[in-house]
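Each chain gets a letter, A, B, C and D, in the order it is written, and its residues are counted from 1.
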Amino acid sequence: MSTATATANVFGTEVPQPKQHGKPGGIMRRLNFGTGLIGGIGLATVAGLVTNALTPSGASTATFAPAAPEYVYLAVLLGWVIGFMAGIGAFIGPIRWVLGRDLTHADAEYMAGKDLGWKRYFKFTTDHKVVGIQYLVMTMVILGFGGLLAMLIRTELGVTWAEVFSPSFYNSLIGTHGIAMIIGMIIVVMGPIANFIVPIMIGARDMAFPRLNALSFWLLFVAAICLISSLFMGGVQDGWSVYYPLGAQAPPGMLGYQMTIIVFALSTGVASVNLMVTILTMRAKGMTWSRTPLLVFGVFASALMGLYAFPFYQYSQILALSDRIFNTSFFDPLEGGSVWLYENLFWLLGHPEVYVIIIPSAAVLMEIIPVFYRKPLFSFNFAVAGIVGVVALSGLVWAHHMYMTGWAPAVNYPFMLSTEMISIPVGFLVLVVIGTMWRGVVWTRLPVMAVYAVIFNKMIGGVTGIYLSDVPVDQYMHGSMFVVAHFHYMLMGAGLFGAMAGVAFYFPKMTGRMLDERTGSIGLWTAFIGFQITFGSMFVAGLQGQPRRVLQFDNLFNISNWISTIGAYTIGIGMLIFLGAIISSWMYGDKASSNPWGSKSLEWQTPTPVPLENFEVLPVVTERPYDYGVPDPYQKELDAVDGDLEKVGK
Amino acid sequence: MSTTDVRPTGQPDEPEAPTNRPPSMHRVKMWIRRPYARWIMVLTVLIGFLLMPLAWLLLAAMNQTGAPASEVMKDIEQTVFVFTMVSIPITAFVFAVLVYSLLGWKHVSGDTPPEDESPAIRSNTIGVVLWTVVSSVLAFFLVVWGLAELAQITANSYGTIPADEQPEDKQALIVNVTGQQWVWTFEYPQYDGLTTETLYLAKDRPVYFNVTSKDVIHNFWAVELGVKIDANPGAITQTGVTPNKTGTFNVRCAELCGMHHAYMETAIQVLEPKAFNSWAREMGGGKTS
Amino acid sequence: MSAETQQPLYPTTGEPISTIARRAKAGLWTLIVLDVSGTLALIISYTYLWSLNVNDGWAPPGADLTYDQTNALPAKSDATFAVEWPFWAILGIVILATLAMWFGYKEIKRGNHAGLIIGTGLALVITIAGLVAQWIQITTFPFGSGNGAYASAVLLLCASNIFHFGMLTFLLLGIFNRARKGLINKAVHFQAQLMSYWMVWICIAFLLGAICTTFFVESPNTDPAIFGSFTQKS
Amino acid sequence: MKRAFVTLLAVVVGVAIVAGIAVFNSVRQAEPPTLAAEVSGTMDTPQGTLPHATLELAVYPNSSAKVPPPKTPSQFSANWLSGQPFYYPSTSLQVPANSAVTITFIQYDSGGQVYNPYFADVHGTMDGTMTVNGESVTGIKPSEVGHTFTVHQYPESTQPDFFLSVPLKMNKANAKTDKDGYPVNPQKIEVTFITGDPGTYVWNCEFPCGDMYQEFGGPMQTRGWMAGTFEVV
């Protein structure tokens, strides 16, 4: 029994402390982003050189490929991942736990970045607000990267008279664009907003597992680097859904993709665990489920789906990796593997993942609308029912991506059923939005204006989704540009614009400054118009019969592709303007008050910037959320009206 | 217009109505008298009619290269048409509310949060029930229609017969389709293994495809015939169709299959039965088996 | 940490231990969901390939092995299937370790600190033994990684077992050490409890693997589609 | 003011980055230099007397001191394409329209069984034949294919269909080789075909001679090695 002599004053109570080893923070004082880079690059270099030396020259892998690039690149990736995480101090926590050196309060405060200033953004910092900001920046970087690739793709497709890039490079463009955007969209709400806002929103002092929080972010960073590195090793030439055996023909860049997914899935799993536990166990006193804001429900649902779905994706890539390196044969039909196995494993993630993206950004809207209409959310229970319904069905619809694979034509019937059923809970969410708009007095600010864009796109995405959910129609649409346009309407039109609304809404709380309304709106609406042009004409191209992922096509499709490309450039400009608005407002924006929107929700009651421990004393929730509005004007005349109504009724 | 000039009438926004409630029909009548209710209805109808042409435009886009060239394709286009028509009303309603909430109901601007003046409507039983019922009915209709169509298309295209069985129709033409990076080859077993790289079919003669691949997954898409099925390595997938139009149509690969995926295309020549047989004979296909 | 205070406080955040325990337990459940999905992915792969037997490649006879020279794991004999009993033996080892851990947990609940140390120490030793046993099994399979879907699926199942063993070893090391230092005691024993829960799940994971490798061996699909050649089918 | 400036800066920088990367890559990804068939005299064909053009291509099993490896689109790909077969001197071919074209292949590589016997036969030549080492044949054994030269459709409905597939006979594994490891008397295949109106097509090898799954990765999926463009001008 270690007798705790020292005590520390934690929020007013004297708490006995374990022995303090050295200065608060211990070795973490020396570890930061720099040491991480040193560790990562160093270990990567060493591993690469060693592997290179160990690989006999001229040796080939089991599939006749030159062995050296494969093994060296894999070793470099592993070295980078492990080295960086070690260098930044991700392994210190578990080691301390094994050694039994529990954190003292001082240690914890140091690791949460107390009095570290800007340095805390470049350390293994556990404070959820720091992680939120890190995620915000990282999201913008990843989305920017994906957008850059999108511009290149549209350039290639717009130039119908020549090949701008070689076909292999074009294929790696679409693959990398796809996976970069998917990653970016998964974290765009679950990263910044969920990490920064949700703990404050539920009246907690931090996440349940602060170190896991930091871990999830830095794993994401590491994964992003792996993805970018793959572009230099031949890229991901097989689309973001790397179908096998095509993926088994790819150059070594495929290893980068596989490593990215394995690490990213780990990051998402860790983040999901953290968010779910936080929401389940750390809500403020009195915050019953009926008093919990909808963003919390949305984030919880998203985390739940990510929790059960991502391991399938991760394992599909682990199996693929072992196929490539150890010559096992999971996805290799020559040796008893099955291409349908991969498709099933992949889409077992692939479809829940769509809702992992959509639901949080829909939930953000539910937060925004009541504030700007000064009106309670219309039918709170209905919104919850919608989210629950989506979660319940999300796991039962994956095979609608496989209608045309012929793996089991009989199951097309049930999957068509479940897929079209999911339009009902999604419809609930739409009803909640327009019901809240009903007879409301709207305060026309950027966040709420974005909501209009989102609902418009969501309707179009949803209706086109109904075509695709129908097997006969899918027999024409599957694998055509129509599909591309549809899921861009869902993921970008509904997801990304919703996330932009959320960022605009929470910007004052996160950065302490107001988002420049004028510039932001210009950017948003430019992007919106460009979006309609791009994907509207892409629908046409798909209906005309243009397959997706082609770089040359019949000149029947030329016109729609030219229009698409023009629209795409418009989106690019618009997004850059919005990004510029964010950067400039972050640097020079007007100082924001602690509650600029006059919201009644908990996170806006904290001072800005939010203090390290969020709340000096933990709050107690006593009323339902969204308690805005005045009694219905008709209420007063009620009895009188009913009185003479009766006469009329006779 | 704003909510203030609305003459107070029945009150459908109250979750549970008082005991001495007026007859519901009458309440609806009075509700409809509210300006915004009328406006939204008008807008809905207006937008609905504006959206209606889409139903034909979609088909126009699909028919640019000679579709529909088969019953299957006809069914597909019919489904597209019906689904568009079905989804127009609800879309129009949502858009109408969006438009009206911007132009009709009051809006304020400024930097400071405005006073609360919106009615605190927490729910509305009638609205919720109505929405749920309508959307469920629509979804149910889509499902039923879809299942029926699917059954019919499966019938038209022989569905999926076990690989080792003959198609019921002995007259049916059998074509073994092989996808291979990045060329399609078509084998006619009934014409002693005649193989071509362009697909030749006979008008009004059912054709039955055994589709497989030598290497990676391809997708055999006979665009104007409305036929699409993956060509999987290690498996044989089956589909079929009856072309009812002579002419030149397209086969495209609809599944990313490597560098020259975009170039994995070929033509379909649908000939009159006589012309088809003579073509087969001169290609050395011998007599029909 | 003093045992006489009724509700000790968690030094880092100053919250009562019961709160921390609740949190950690919720975390454990979510983690188990995560691992269940992963393990299921492997089980699905195994059974799916077993049911399909694509291209007659579920378990090709050892004689005609493709690319065997260049395999990471070359075949040792031309037997196609692994021996069954080692899977169950290893499962038994894990169950033993779990029982030891439970014993330790029950003891510390009763306040017997020595019992905890014995239990966790025993569990640790048994787990390391299991790790070794698993390693021996995976290195003595008759088949190589390159011959057939069966070999692949079994190898990956064993690899995931090794991963689980490694994680158990690390965790038990920590638990044992902390027990020794008295950081796990009558008042604060939730980590021992969660460890026991986790090990129960690990037993189930191993059981699933053993069931697959014992009862789904010969593929039921004896007439698979032959890859590429299809003319005889019409 | 400052804000507007920063926004403008962001836009300009963003556009600059995109444009820069686009230009850089389109240059880096340039096709190998075009190899045009030179016209020499005329030739009597079923379609009457047409101008006659000739083109010579070689297929090497790997690069050596004598034959440099192709300039690949990405400087990195040299790592994983080393020691792979390739067409020489270039894969961007150009032939005149409405004329008889004779291509001579010098085939130095070994070979084996082609997946699809269809590609062991000659398709699309003038009289359906080719000359292998002097003798005229319509096809070779599917088990003796070294490579194929298969030109196929480019997805444009406005240009004439064009399909040409020539199997290149393999060299025996025990053939006598020179100091660079190439057979001293390689296979010499000659085909003559008639081109129609101008159009752009692509060609690739249909014999599994690359690496990775089904030996169809690596060089098979890299322009400049076993695949390229075929332009009729």
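Just so it is clear, a residue touches a chain if its C-beta (ideal position, glycine included) is under 8 Å from a C-beta of that chain, and two chains touch if they have at least 3 such contacts.
The structure displayed is predicted, hence computed values, not measured ones.
Between the interfaces A-B and B-C, more contacting C-beta pairs are found at A-B.
Relative to chain B, the chain whose mean Cα position lies farthest away is C.
We define each chain's centre as the mean of its Cα atoms; on that basis chain A and chain B are separated by 29 Å.
With centres defined as mean CA coordinates, chain C is found 46 Å away from chain B.
Separation between the centroids of chain C and chain D, computed from CA atoms only, is 51 Å.
In this assembly, the C-alpha centroid of chain B lies 40 Å from the C-alpha centroid of chain D.
Chain A has residues 60, 63, 167-168, 237, 245, 249, 333-334, 337-338, 340, 550, 552-554, 556 in contact with two or more other chains.
Annotation for chain B: residues touching 2 or more other chains are 214-216, 233-235, 250, 252, 258-260, 262-263. Chain contacts: chain D has residues 115, 154-155, 157, 213-214, 216, 220-223 touching two or more partner chains. By the definition given earlier, chain contacts exist for A-B, A-C, A-D, B-C, B-D.
By the touch criterion given at the top, residues 1-4, 8, 10-11, 13, 15-18, 60-63, 94, 97-100, 102-105, 107-108, 205-206, 208-209, 269, 272-273, 276-277, 280-282, 307-312, 314-316, 318-319, 322-323, 325-330, 333-338, 340-341, 344-345, 348 of chain A touch chain C in their complex. Interface residues of chain D, counted against chain B in their complex, comprise 115-116, 118, 123, 150, 152-155, 157, 161, 163, 165, 202, 204, 206, 213-214, 216, 220-223, 227.
Across the complex, chain C meets chain A through its residues 1-3, 8-14, 19, 22-23, 26-27, 30-31, 33-35, 37-38, 40-42, 44-45, 48-49, 52-60, 66-67, 70-73, 145-153, 155-156, 159, 170, 173-174, 177-178, 180-183, 185, 227.
Interface residues of chain B facing chain C in the complex, by the touch rule stated above, are 163-164, 166, 174, 176, 187, 189, 193, 208, 210, 212, 214, 233-236. The touching residues of chain A, when paired with chain D in their complex, are 58, 60, 63-66, 68-70, 144, 148, 151-152, 155, 163-169, 232-234, 237, 245, 248-252, 332, 334, 516, 519, 550, 552-556, 572-573, 576-577, 579-581, 583-585, 587-589.
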